[in-house]
Every structure is written in C-alpha cells, then in structure tokens.
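Written below as structure tokens is the structure these notes are about.
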Amino acid sequence: MIVIMDSGADEEEIQEVEKRIRSFGYGIHRSTGENSTILGAIGSPREDVKEALEAMSSVERVILVSPSFMLVSREFKKEKTAFKVGGVEIGGGKVVLVAGPCAVEGRESYLQVAEAVKKGGADILRGGAYKPRTSPYSFQGLEEEGLKIMAEARDITGLPIITEVLDQHSVEIVARYADIIQVGARNMQNFKLLTELGQLNKPVLIKRGMSATIEEWLMAAEYLLSSGNQRVILCERGIRTFETTYTRNTLDISAVPIVKELSHLPVFVDPSHGTGKWKWVPSMSLAAVAAGADGLLVEVHTAPKEALCDGPQSLIPEKFSQMISSLRGVAQTVGRTL
Amino acid sequence: MIVIMDSGADEEEIQEVEKRIRSFGYGIHRSTGENSTILGAIGSPREDVKEALEAMSSVERVILVSPSFMLVSREFKKEKTAFKVGGVEIGGGKVVLVAGPCAVEGRESYLQVAEAVKKGGADILRGGAYKPRTSPYSFQGLEEEGLKIMAEARDITGLPIITEVLDQHSVEIVARYADIIQVGARNMQNFKLLTELGQLNKPVLIKRGMSATIEEWLMAAEYLLSSGNQRVILCERGIRTFETTYTRNTLDISAVPIVKELSHLPVFVDPSHGTGKWKWVPSMSLAAVAAGADGLLVEVHTAPKEALCDGPQSLIPEKFSQMISSLRGVAQTVGRTL
Amino acid sequence: MIVIMDSGADEEEIQEVEKRIRSFGYGIHRSTGENSTILGAIGSPREDVKEALEAMSSVERVILVSPSFMLVSREFKKEKTAFKVGGVEIGGGKVVLVAGPCAVEGRESYLQVAEAVKKGGADILRGGAYKPRTSPYSFQGLEEEGLKIMAEARDITGLPIITEVLDQHSVEIVARYADIIQVGARNMQNFKLLTELGQLNKPVLIKRGMSATIEEWLMAAEYLLSSGNQRVILCERGIRTFETTYTRNTLDISAVPIVKELSHLPVFVDPSHGTGKWKWVPSMSLAAVAAGADGLLVEVHTAPKEALCDGPQSLIPEKFSQMISSLRGVAQTVGRTL
Amino acid sequence: MIVIMDSGADEEEIQEVEKRIRSFGYGIHRSTGENSTILGAIGSPREDVKEALEAMSSVERVILVSPSFMLVSREFKKEKTAFKVGGVEIGGGKVVLVAGPCAVEGRESYLQVAEAVKKGGADILRGGAYKPRTSPYSFQGLEEEGLKIMAEARDITGLPIITEVLDQHSVEIVARYADIIQVGARNMQNFKLLTELGQLNKPVLIKRGMSATIEEWLMAAEYLLSSGNQRVILCERGIRTFETTYTRNTLDISAVPIVKELSHLPVFVDPSHGTGKWKWVPSMSLAAVAAGADGLLVEVHTAPKEALCDGPQSLIPEKFSQMISSLRGVAQTVGRTL
C-alpha cells in the first residue's frame, strides 16, 4: 500500500502515521518528494487498514497497489482451473454450451426445450425455479416443483442442470437437485449467501453484478474460494450503461480476456441477458467465443411469445442450432472446440 | 401500457397482438399513425406482460406509462406517512437526527459515542453489528455482542436504536434488539429478505442501491409494503458515478424532492456514506435539509483514526454538535424544526 | 409522439394540449385509459415539440415513439452504404484494416510504421497531427508538419490516410491532406464542426462519444448527412463505465450489430482506444469482426515505449501481423474477407 | 508520480525504467516491497510521461499522486478568486443570481422576462442566441439578432448579460456583446475553443461536461487560465446517471464543496438544466446555496408552454420571486447574503 501524506504534513504527523502503519504489522519505506511525502507500507494490502489510515487527517490518500483478491488470482494459481460436472469439462478445451428457458414454466414445455437444445448441441441445461423479480407482482417461479421438472429433464437427456439460488433458506433444496448453483447479478454481493455456498460441495456460477467493477466481482468469487469452494465459474451478463433504448444491458465482452488474465477461473458469457433481445444473441455469442469465453449461457424457448419471463431474449431451438455451426468456426480459429 | 408495433406489421399481426393483450385482461385502443400502429393497453401496468408482448416479433417496444409501484405511491395514499419509534416521530415536522459510529467496535467506545451524540442533539442511535464487506478478510462486525452493546446504550440514553440486518438467518436476532431495521444498499434487491422484513412488526429503513434508479428503489420498498409493513423509511446514501477520486459515492440530493413527490414515505439522507469524507458531511447535511429531507444518518466516532470501519467519513462529536446549529437555521427556513 | 396527460387533467386541459399539438401540424388520436388519457400525435417526431408540450403542466410526459434520426436510418435507405476511398472499398465484403500510430511524432518513425503496417496487411494509414489532450501541458501534435509526413507516407505506400480534425479553423488544412477525416469522441456533439464537415466533399469517420447513447451518436451522424455528406463511417471506441482499474474504456462490441440494424452506414471498431492496453487488442479485434464490424482502427507503433502519446495501447508491427491470420479465420466464418 | 513495477520485473528492467524516468527530468526513490518494486518519480506529474512509462512492459501501472491541474488549484492560489462584472461581484459574499430564458426567442418576450427577473432580484441576465441541439432539425437560436436583443435588455435593466458561445467562428461576435461568455457542457473538452477564450479579455463560465469527472472539469478550466484568462467561473449543471425517468440529469450538489476546496475559482449551480423540471428548481436552489454555491443560473420564462427550447425547466417570474426569500434565509445561515 502507498500512503500519500497531505502536502502540509509536518515531521511529527508523518511519524504518527508511520507508527500507526507499523501497528498493523507493515514495514515502511519513506520517500520525500517535492510537494509531498509518500510512505510505502510493505505487506499484503488490506481494505480496512486503508480506511483506518485515511481517517488520519494528515493522510491525503491510500492506494492499494496490488488487488485485494488472492485465491482467485493467477499469482496464486498459475494454471487454469478446470473441473468436470457430469461428463462435461468446464474450463477445458471445449467451449461449454448451457441452454434452456429463463424460467421453468411447466413440465411439458420444459422437457420439450430440454430435448431440443440437447439435439441442438447443448452440454448443460439451464432453467429458473426461483426468479428474482423487480416487482412483487411478477411471476416468481415454480420453486421446488420447477427443480423436480429440471431433475426429470436431466434423467431424460443425460445433461447436468444449473439453476439459480435466490436466498439462504433455499440453498439446501436447490443443492439437492442442481449440478451447478447459479448466483444472480443482484446477489453478487450477498456475502452471507456466498459464504454458505462456499461451504457446499457443489460448483457455483457467479454472475457479475449490474454495475460491479471487475475487482468487486473477483472479490465476490474470493468469498466462495476462501470458504472452501474451488469449483467456481465467473459469468459476464451485461452491465448497466446509459444505453437503455436498444439493449437492456451492455454486454462487456472485454471482461473476458481481462478476467482470464487476472484469474485462473473459467469465464462464461450470457448473451441473452446481456443484450435482452434474441436477435443479437448469435452475433454476441460469436464475439464472446472469439474473445476467449469458456462457455455460453443461452436462453432457448420453444414459444418465446408465451414465456412468463424474459421471452424477448430467448432464441427458438432452430435459431440456436443454426448459430452452433458459425460458433464452431470461430472456436476453431481461436484454438478451441465446440 | 403502450404497445408500439413494428413499422412493417400487417393487419394480421396487429390482431394477433391485440388478442394476446386481451388474454391478459386489458382493454385496447388502437391508434394508426403515419409510420406505425400504436396499441394502448388499458389496465394496470405489469412488467411480465410487457416482456410477454415484447417477445412477439411484430412488437417493437412496450412502454409502461405509469410506474409499476402502487402502495408506496402518492396516488395510493395522499398524506405523508408518519409514525413514532420510541418517542421519536418519523416523517413529522422535525428533521430526525440519527447518529453513531459505522460499526460497534467495543462496549466502552460505543457507550461514549452514544452519550456524546445524545448530548449533541441526536434522536436515534446508529451502529453496525453485522457489516457487509467487499473483502472476506475485513472486520465483519461483533454480531450479537454488538447488538447487546447497542441495547445497553439505548437503556442509558433513552434513544431508540437502528442497525443493519445482513441476511435472513439473522433477521430474528436483529429484530429482537433493534427499534428500526436497516437494509443496506447491497441488499436493496434481496427480494426474499425484503419479504421477510415486510412480515415483521418493526419499522424498516431501506437504503438506495448503489446504481439503482428511483423506480427500482421504490419497487424494493413496494416489496416491504405489499408484505404488510407500512412503517418504511427510504434513505438516499450516494450513487455510483464516474467521480471516484474525490468522493466514494455521489450523494444524490435531487432524489429527496423527487421521491417525496412520488411517495408518501419519509426520506432520509446519509451524507457520511454518500460522500465518504467527514469534511463534506456538514455542507451536504445542510443541503439535504434544504432539499426537504425528513432525517439524516450521520456517522460520529470519538476516535475516527482508530475506527475499524469507515473512519474517514466519521465526524468527531464536537463537529457534530457544531453543525447542528446551522442545520437548525436551514430547517427553519424550509418550515421544519430540528 | 405519445403525450401522456397527468392523471388529474380535466377535459379543458386536454383540449388545450390537443390544440397545441395541432398548432405544430400533427394529427391526434385520443385514448382514454383507466387512470390517464393518452394523446397520439400523428406526424414526424420532433425534440423541440416534445419539450414544448412537456412544459404544459397538465402533460406528464411525452414519448418519441420513433427515433428522431432519419437519413442515417435503414428505414430511409435499406441497402448498406458502401463507397471507395483510394482503391479501398468501405462497407463492402472486406473488413477494412486501418493502422498506424496514435500521433505522428516524426518523419522517419512514421514512414517506418507505415511501411510495416502496409506489409502486415493494412488498407489505410492512421495517424494524429492534431491531438486532443486533457491537459494543456501535454504534447499537442505536429500539426501541418504531421499532415505532410502522412501525405508522404501515402505516396510511398499507396495507402489512403485518415487523420483527426480538432476544430473549425483547421478543417480546410486537414481536408487538403487527408483522404478520410476523423471526428474524435470529444467532438461528437460539436455540432458546428459537424455541419462544416457535412459540406465538404470528403468521407468522415465519426467516433462515438465517451458516454453517448446510440441514438445520440446516430443523431450526430445525422448532422453530417443532413448537411450533404453521405460518405460517413461510424466508429465505436469504448464507452466510459465504472471499470477504470483494468481498462481505460469499455469497448461496446454490442453496438456493432445494433447500429448495423438501425443504420445503413458502415461501422468500424477501435480496439486500441477501446481497451487502452495493447495486450487486449487482438482478442477484442477478433470479437469485433465476429460481431460484424466493417473495419478496425488499430494503433501500431514501432517503439511504443518511446511514443509521445498512447503508447500503452499500441501493438508492435509483429503483433499486428500475427493477429491478421486469426482475424482472417473469423472473417471467413461470418462471411467476410480480410 | 508513482511507478509500480510488474511483480516479475528483474533488476535490469527496473534500471531501464529508472533511466527513462530520469530522461524526463525526474528524481527517483526506489522502494522494494514484498511482491513488487515501486519507484517514486520526484517532480511535477505529467499525463504524457505517465503514458510513456506505462508503455514499458515491465511497468504495471503509473499513478499521478497529485492532480495535474495547477493554476486553478488552491495550492497555487490560496485566496478565493473574486472579480466584478458590471457592478456585480462574482465570488464575493453575495450569492449571485443569473436568470432568464433558455433561448432568446424574440425581442418583446425577452425584454419582458428581463424586466421581470430584474424586479425579482436577478443580478445578471442569461439567454441563448446560439443553441447546441442534439438534432439538426431543432431550433438553433436567433444568432446575432438574439445577441442584439440581449444587449438592449442590458441597456434597459442595467444588468450584465451572459450567453453561450458554440464555436470558434462566433467567438468574436459573442465577445462583442456578452459580459460573460458561457461554455456549454458539450464543449467542455473543446480544447481549441477554450484556448481562444483564454486569450480574450472576458470572464468565462464553464459548465461541467455531462459525464466529466471533477479533475477533467478543472483541467478544462486550466486551459482557460493557462491561456491567460483568470476570470473563470465553474458551473455544475447535472451529470448523466442511470436515472432518466424522473430527471434529465442528476444535479451533483456535492461537487460544490469539493471543487471549492480544490480550487479558488467561484462555483455556480444550474438547477434548471440540472433537473430538467421547474418544480424541482426551488428545492435544488436551496440545496445549492446551503452547500456553498457562489451563484445560481435559473431559467425563467414568462410563458414556458410556448418556449421553443427547454420550457419544462423554466420557472415563471412569480415562482422565481417566491423562491428568493427562502434562498435569503439559507444564504444567511451559511454566512452569505443574497
């Protein structure tokens, strides 16, 4: 950490700050510049120490030189994290396709989509049984009934299933059915939920918060890893920007190469939520794979017009199958399979 | 709701959309313009119906004319909501002062601040026992021990206490001690938590999410009211903007008059989190009261330099007392007391 | 346009608004809903009429149903705009590569880069002679001397040149040398400059403003087209988001398919400014082409460490050449050449 | 400046960077930490040097410790800048009221507003003769005719006038009529225009860009001061945020105390553009004065419903006069007059 002293700080004040820095167990390098003195605090960066020092009136600013995440970083673990769920390898050479409707709305319709996306080339089934909704008056999901339908679809298709957990009370029940547990964007900083999921023996996919920085997203994953769970997938799903007329969110494709350099964890992209419109899903899927994504989460619905949730962003199975062949070409170009 | 048809939509497609609109129980007005047809759907706006219609390829866009919140709105309830907590009236003529440290760090230091802010003019005591921290390695709060210390401070000072609940598992224990329960910015869209708090018989203060729109914030409060809790306080605490060098957040003072027009609920302002620096707390407190705030949440710490959390934004008790007299002048000018 | 009346508006007020709407030459459809009356104003949307109506106290809101741009839209012109500059077709089947250093810093170094990028596969040379700098104390460019060097590079390589115009006073001189004139992000809404460039007989590339919406960007292009210039290229160069630690801007790849649907104009992407770091340029170039970009603007410098401007985002010629072959694979997959 | 070396950098690379730092005339302090070496570059911060160093692959990041503005800073000039325009002191004890319509639309209507606001208590007249409009099809202002009308209003009322200059070609003509020249938000980084205005002998009011940081805004003012103009006013006018339903912009009241600490220049606030709705102008005016603003820019129009520009945000003269007395109370409380 770098402690920048106020330009008016005198020797006594500087020594007071140095004493405080040492009290936290850090070594010190003092550097006297033209206008201000800078103290290098030698040791691991800590957010709370930064705050404690910034509370001193002779301190102008404290800068955390290195990021405060550790276990998720490439410095901590050089080789890419890869693991298997069912027979599917995540973080390996193949780009993983996760597909299915936004919400599980009924048994028949779900089984129908499940078979269609399997045929189309999906590796994992998605579907929501518990739905986070801005309005208390919107459809909130089929809950356990939805989980049972997904489990049945897994039995029929042989594909593993991923679904979102909304709150602590349903962690146990969701874990009983799901192969991968999803943490939604609105829960990215629900730290107690993350800690609980970190203690489960289940892979977790954590979506990026709507206006989270990359560091905040990786810190959220750090909660999972530091609680004991190493099988974590990061998923970019669009960030909030000033553009709201033509897209629901702005899919941040650039997060893919950045996060893959900073972290050893696999990075997925959700172009359906990321754009909010099915017609942009194919081109953004291509872009994501071109940028190095390890997997895609795509919404597919047999009858989007009748969907109870997020219909506008769902592909029909035919469109899903069609885009696979172009995806294959791009995957190959960047040294991946699909 | 207004349904804007695609400019290329033909009569058959228009009728198909009209049929779908009617299936949700809405009446219809068709308006044929130069370039496109517009269908007015007569009935209460629903987010899920909007999505269902937008999934139809002949529909270009659906606009929710009226906001989707109801119980929190002035249309629903004209007169301002006011209620008492302990002897303190919230939403009445007096601007309510909530003061105390960010986190409860120990018994003695907390009791000391409590007495100091009471003497300085505070109406309610604040303090955090459970702290949401970006990093799993930062101080997470004293938990129940902290709640006990706050309860003791209440006994000594006679002031009611407010503290944050972080997760569902601690709702019961926090409710046992607190007079008002606080929902933090990161939990503003933790819908399950909101539903539980809505069923409690305790006032709730809900902070605005870091990049929430005003409508999203009011929709979150709607979860509380629609679950049965009418004693809700809205609290502006700064939004995320591109300015990060000089402030931690940008305190959105303009939210005060806007929300007070849209809703009957009392609106508080937290200038400490809102700016992140104690030196800007007095001027922003004055601005908040000038803009019509019903209350202020101010961080006060007897030794900010030794605080384990958010020291940089805490006033010392002397500064707190000093600012009260200017606040009184502004309150008077806008027809309030303090 | 749709005029939403205040829920309390009475018949007299509604008629007053209708009269005002008619005074602007619009037809009217009235639609009476449960809570409010909606007036459809039949005619072309106009921003100033919207404002005039919103000034009436009985009007709650006015919505411009269709976007206010016209000449740039696909509705106005269905077929993609394509034109030739030198021998290079812009907006055709081939993805156009524009390469060169950020600023022209000297004759020898520029000619060296020019020959290197030509050999590497560039179609057009870029370089800045007038540089917009946040600080008045930074290097501001070689001005006319820089233009002369670029012209010499054109003579030697046979490649057309593109360079930025900063202000009205230098329009004439820049136009004398350049084959394509670039408008930078900070000048996107310099409307007087746009009007002048619209009257020139030179193609113009207009970069998206740092926090511009897609509609604002297209409206800026509308200034060029409505002043008479049809040879316009749109260029996405990264928008400002909350992520500032790891990238300078967030490259909005999703803007490519969106703008290509809304407009007939060719869309380029600048991954160098868009990310601010050379190491992310190749993957974001691949993503841009996968998403359908018609061209790329890439910064290449033979000695980035000695660059006077934007060195961190410049590729060395070897890296530039290396990425071309992967780009070719992606281009082919999406039905383009390169 | 602080140069953070890559954690993998070896001694040779560190020395190469040190050599480069010295070549720019800086002294060096080396500080060897646990994970990385940090070099303090002793001397004035320079944006271009930062970029040059960051282009070196062994450098991870360069941090400009002190801001890059100088002449506008309190370090450079401790006492507040105050100057007179006509008989009006700017930056003194009195809060300055600038009032008038958004655009000059005609002689009679302008003179009428001018007299009304004078009577209401205005110190300076505002009005736009050249209007920046997002759409080329909107009313662009009366140009010189508008300036003449303003000059006539000055003769009649005795109040100085302020008006916006849009482009370089009209600098001379605007300067001939105006007492203060305004630079709009969209031109905040039109550096060539700023340089020209810096060479004029006229006070300049510079509005904050729509998504500008405080440092960028002060750097823009630095262009004016470094070109020779010391009579500069900073004006906050609302920044772009995610809230667009209820306000046009989000007025950043917190910018007032921050900028007043960083700079000696007077700070004005424009609550009319800042909110976009006249009904929020009075409360935000009160908040601005409470926060320490040196002046207000308020839009007043005798017939806002017929305004050709920004009617929704204009007060009628009666409302303007009414708010003055509350403003006076707040001004007094914070030690100012009005």
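So that you can tell them apart, the chains are marked A, B, C and D in the order they are listed, and the count of residues begins at 1 in each.
As a working rule, a residue touches a chain if its C-beta (ideal position, glycine included) is under 8 Å from a C-beta of that chain, and two chains touch if they have at least 3 such contacts.
Everything numeric here is computed off the predicted structure, so don't read it as measured data.
**Student:** Please work out which of B-C and A-B is bridged by more C-beta pairs in contact, and write that pair.
**Tutor:** Output for the comparison: A-B.
**Student:** If you average the CA atoms of chain A and of chain B, how far apart do the two points sit, in angstrom?
**Tutor:** 26
**Student:** Between chain B and chain D, tell me the centre distance in angstrom, where each centre is the average of that chain's C-alpha atoms.
**Tutor:** 31
**Student:** Once you find the CA centre of chain B and the CA centre of chain C, what distance in Å lies between them?
**Tutor:** 39
**Student:** Which parts of chain C, given as residue numbers and ranges, touch two or more other chains?
**Tutor:** 211, 240, 242, 244
**Student:** Which word fits the touch map of the chains here: line, ring, star, complete or other?
**Tutor:** complete
**Student:** Can you check the complex and tell me which residues of chain B touch chain A?
**Tutor:** Spelled out, the residues of chain B in touch with chain A are 20, 46-48, 51-52, 54-56, 68-69, 132-139, 166-169, 186-187, 189-193, 195, 210-211, 216, 219, 222-223, 226-227, 240, 304-312, 314.
**Student:** In their complex, what parts of chain B are in touch with chain C?
**Tutor:** Within the complex, chain B contacts chain C at residues 2, 4, 7, 29, 31-36, 38, 40, 42-44, 63, 65-66, 75, 240, 242, 244.
**Student:** Would you mind writing out the residues of chain D in touch with chain B in their complex?
**Tutor:** Touch list, chain D to chain B: 67, 211-215, 239, 241-247, 250-258, 261-262, 274-275, 279-280, 283-284, 286-292, 326, 329-330, 332-334.
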